[in-house]
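You will see chain A twice below: alongside chain B first, and alongside chain C after that.
Coming up: the complex of A and B.
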């Protein structure tokens, strides 16, 4: 665990000093301004505007950290050979994969924590300023649960980015494959539901979609913004299963990454 | 025996069916306290051997051991310090942070790390920039940080790939002094270099590699005894091998 923590720490430091912290803070301030302006434009509709916008920004900022910083940090290790500095130590390859993931996880967590605190601040301000527009069942628990689910979803994307970086070593390809997986993951469940019970589509097409639902993560399952915005009741068991699904998928991707990286030559 | 290489071969694919040997049945042993120089023209396979020792790449056949531990075991690298040919580091970390990482990851006693880092940076004339991010360093300074990282944990064996590359004469002198210090401390140094004067000055034994095959392994004195200096001996050794073993290749050129 010591080696993983050491590597996670330097990955986090390298990422966070790379102007990313300034970017996150700038984004958070922009979010606050936009949130307050849009809330006023939509007559302080807390549910539709403030909560939805705030939680969306949490995901967008996290994705920006992964796509523009995380993938760059990972591929740089192979392109510039900074990996030699790490692998020449008594650090096993599985420890390298987990250490890098830990560093990226800390970066994403910093982004999620910062943006969600600003988003919560906006919601609270509007709730105080215009209490009449707060839905009767509005729940802060579901708001923070939604943040946690967004974080799990971002961790899955991070693990996929690391997996594709290990497979391809090209930052462009890794970015393309991760972004594609993210968009498929966001929409695959919707497509599956659209196709369910309809005969007009070819069986091959339905088969391909079914395979995609098995391969790609169902990221839409982690999107509970609507429930958070309107304070809709949440079923604890189904939420628990979604969390178990997300964490299991994450572990499977990390295991696959370790498996590939163990066999990889770093010449 | 601190480093043992047994009949190591490494081949790379060339085209659809072709295989190109980078290292061909290399056997080598390096004793404790030795400074061993690895010589060879570009593409001879020196870096490939070093990468196999560091487990960056795997041999197609054969085996290698460091301090009696197989190189594919991460524990083999507890005893090793390594400097790559063109070291690159995380740009936004400071020298102090990168050396702390290196020492801690190599399981050095935490209480000794800070003093060791300061002493090393002082010796390599980098103490005044220890809190600056590495992206502000010149090429020579980065090379010296690479060297510091390879020796920070007082390893039994130091494997250096072109340690003098990119250094000015002053930097080369610092590196040479560091290597000699290591020898005086009973540490073993295995390094590759194109700068033959450094090899001649520092090494107890040398190995000459051409096209992945070890042509000579022995003392520097023995190699130069029949020629006028190491450079001449080295060129003669390579030319003889090219004539004797690769004559058809030369004719085809």
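Coming up: the complex of A and C.
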């Protein structure tokens, strides 16, 4: 565990050296200004607009950290051959994978925590200055729950990015495959529902889509932004199962990454 | 070194001058270019739009609404095709976020009046009504549109009755629904509805308002049944309500709780 924590810390520090914190902070300030200006352009449900924008920014910032920094950090070890320095030390390969993931997780967590606090600040400002324009059932619990689910969703994308990096060892391919998986994950449930009960599609196509729903993560299940914006009632059991689904998927991907990395020739 | 710095400064000054001049020209040139709806050119199917928006559909819905609002709010004279684009934008926005209050308020405030797109407005309102179960306004607007644009008093009354059941709906909705029910010949339904609301109401002021309306509708029902009896007896409609007394069908016209008198217009009793 000590080795994993150490590697995680090093990866995180590497991120800080890349001025990730300044980037996130700059983004958060920009978001605050944009959020308040954008919400002012509407005349009803102002806090909804603010929640929409704030939570979307949480996801965008997290994805940016993964795509533009995470994948680079992961592939740099392969491309610059620094991985030899790491694995020549008494660190097991599985520890390397989990350590790197921990580091990226800390980066994503920093981004999510910072942006969501700024977003919450914007919503609170609107709620104070225009209380009549807040949906009647608005709930902070659902807002923070939405942030947590966005975080789980981002961790899944991080795990996928790491998996593809280990498989391809190329930042470009890993970026492409992770982005595709993200896009499929966002829409796979909708496509499956659209196809359900329709005869015009071939059974092979429906079968492929059904298989895809098992291979790719259903990321839309983690998107509860609308519920957070209006304070729509949430079913605790169903949300609990979504969390279990996400965490179990995350572990499966991590195990597969370790499995592939253990057998990988690094020559 | 000095030569390079001089060259650099001259180049910077030269290009800065060109840039400022070009920028003024561009601003001048574009001052007459009115805001155009881009989405109107490429109507995207709802399924694809949802897929493309992914987890950012809330923000996309806000943006589409803003696009429509800024276009309508501009000085441009809107053509029929452009109204079609506005409807399309609002519909897309409503599909992406059917809960958003601003979408249906904007649609109701603009489309039926300025673009005569009542049917399209009804689609957006129905969507909002289905999702915003805590909000009485979409149902009220639907009822209003049935009344004002389609002259379908029965449907208008039913919609208003439904809207009146939503928690927080103003009591005027109840009385309005009952009035329309009476206008469409559904007076008994109106009385039943008012009575059911009256029984659930605890507020004394509301109870007085409802009681008044129930009395008024009972008067209408009483007079309507008298008119039916008159018609069965004389094979024609009475010219005035007083004729009912003159022919001894009723002994007196009930008092109108709102003051004034009941009147017979186009074969219907009004108060």
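Note that the second predicted complex is superposed on the first by the 264 of 267 C-alpha atoms of A that agree within 3 Å, B and C clash if a C-alpha of one lies under 4 Å from a C-alpha of the other, contacts with A are read in each partner's own complex, and residues count from 1 in each chain.
The definition used in the following text is that a contact is a pair of C-beta atoms (placed from the backbone, for glycine too) under 8 Å apart; a residue touches a chain by one contact, two chains touch by 3 or more.
Note that this is a predicted model, so its numbers are computed, not measured.
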item: Chain B versus chain C as contact partner of A:125, first or second or both or neither; value: neither
item: Chain B versus chain C as contact partner of A:72, first or second or both or neither; value: neither
item: Touched partner set for A:139, first chain B, second chain C, both or neither; value: neither
item: Partner chain in contact with A:169 - chain B first, chain C second, else both or neither; value: neither
item: Touched partner set for A:194, first chain B, second chain C, both or neither; value: second
item: Most chain A residues touched (candidates chain B, chain C); value: C
item: Chain B versus chain C as contact partner of A:91, first or second or both or neither; value: first
item: Contacts of A:213 with chain B and chain C, given as first, second, both or neither; value: neither
item: In the complex with chain A, residue positions of chain C that touch it; value: 47, 50-51, 54-59, 61-62, 65-66, 97, 99-102, 105, 134
item: Contact set on chain B toward chain A in their complex; value: 48, 51, 54-58, 74-78, 80-82, 84, 86-93, 97-98, 101-102, 104-107, 133, 149-150
item: Residue numbers on chain A that touch chain C, as the complex places them; value: 38, 41-45, 48-49, 51-53, 55-56, 59-60, 135-137, 153, 183, 186-187, 190-191, 194, 219-220, 223, 225-226, 229-230, 232
item: Chain A to chain B touching residues, read off their complex; value: 2-3, 6-7, 9-10, 13-14, 17-18, 80-82, 84-92, 95, 265-267
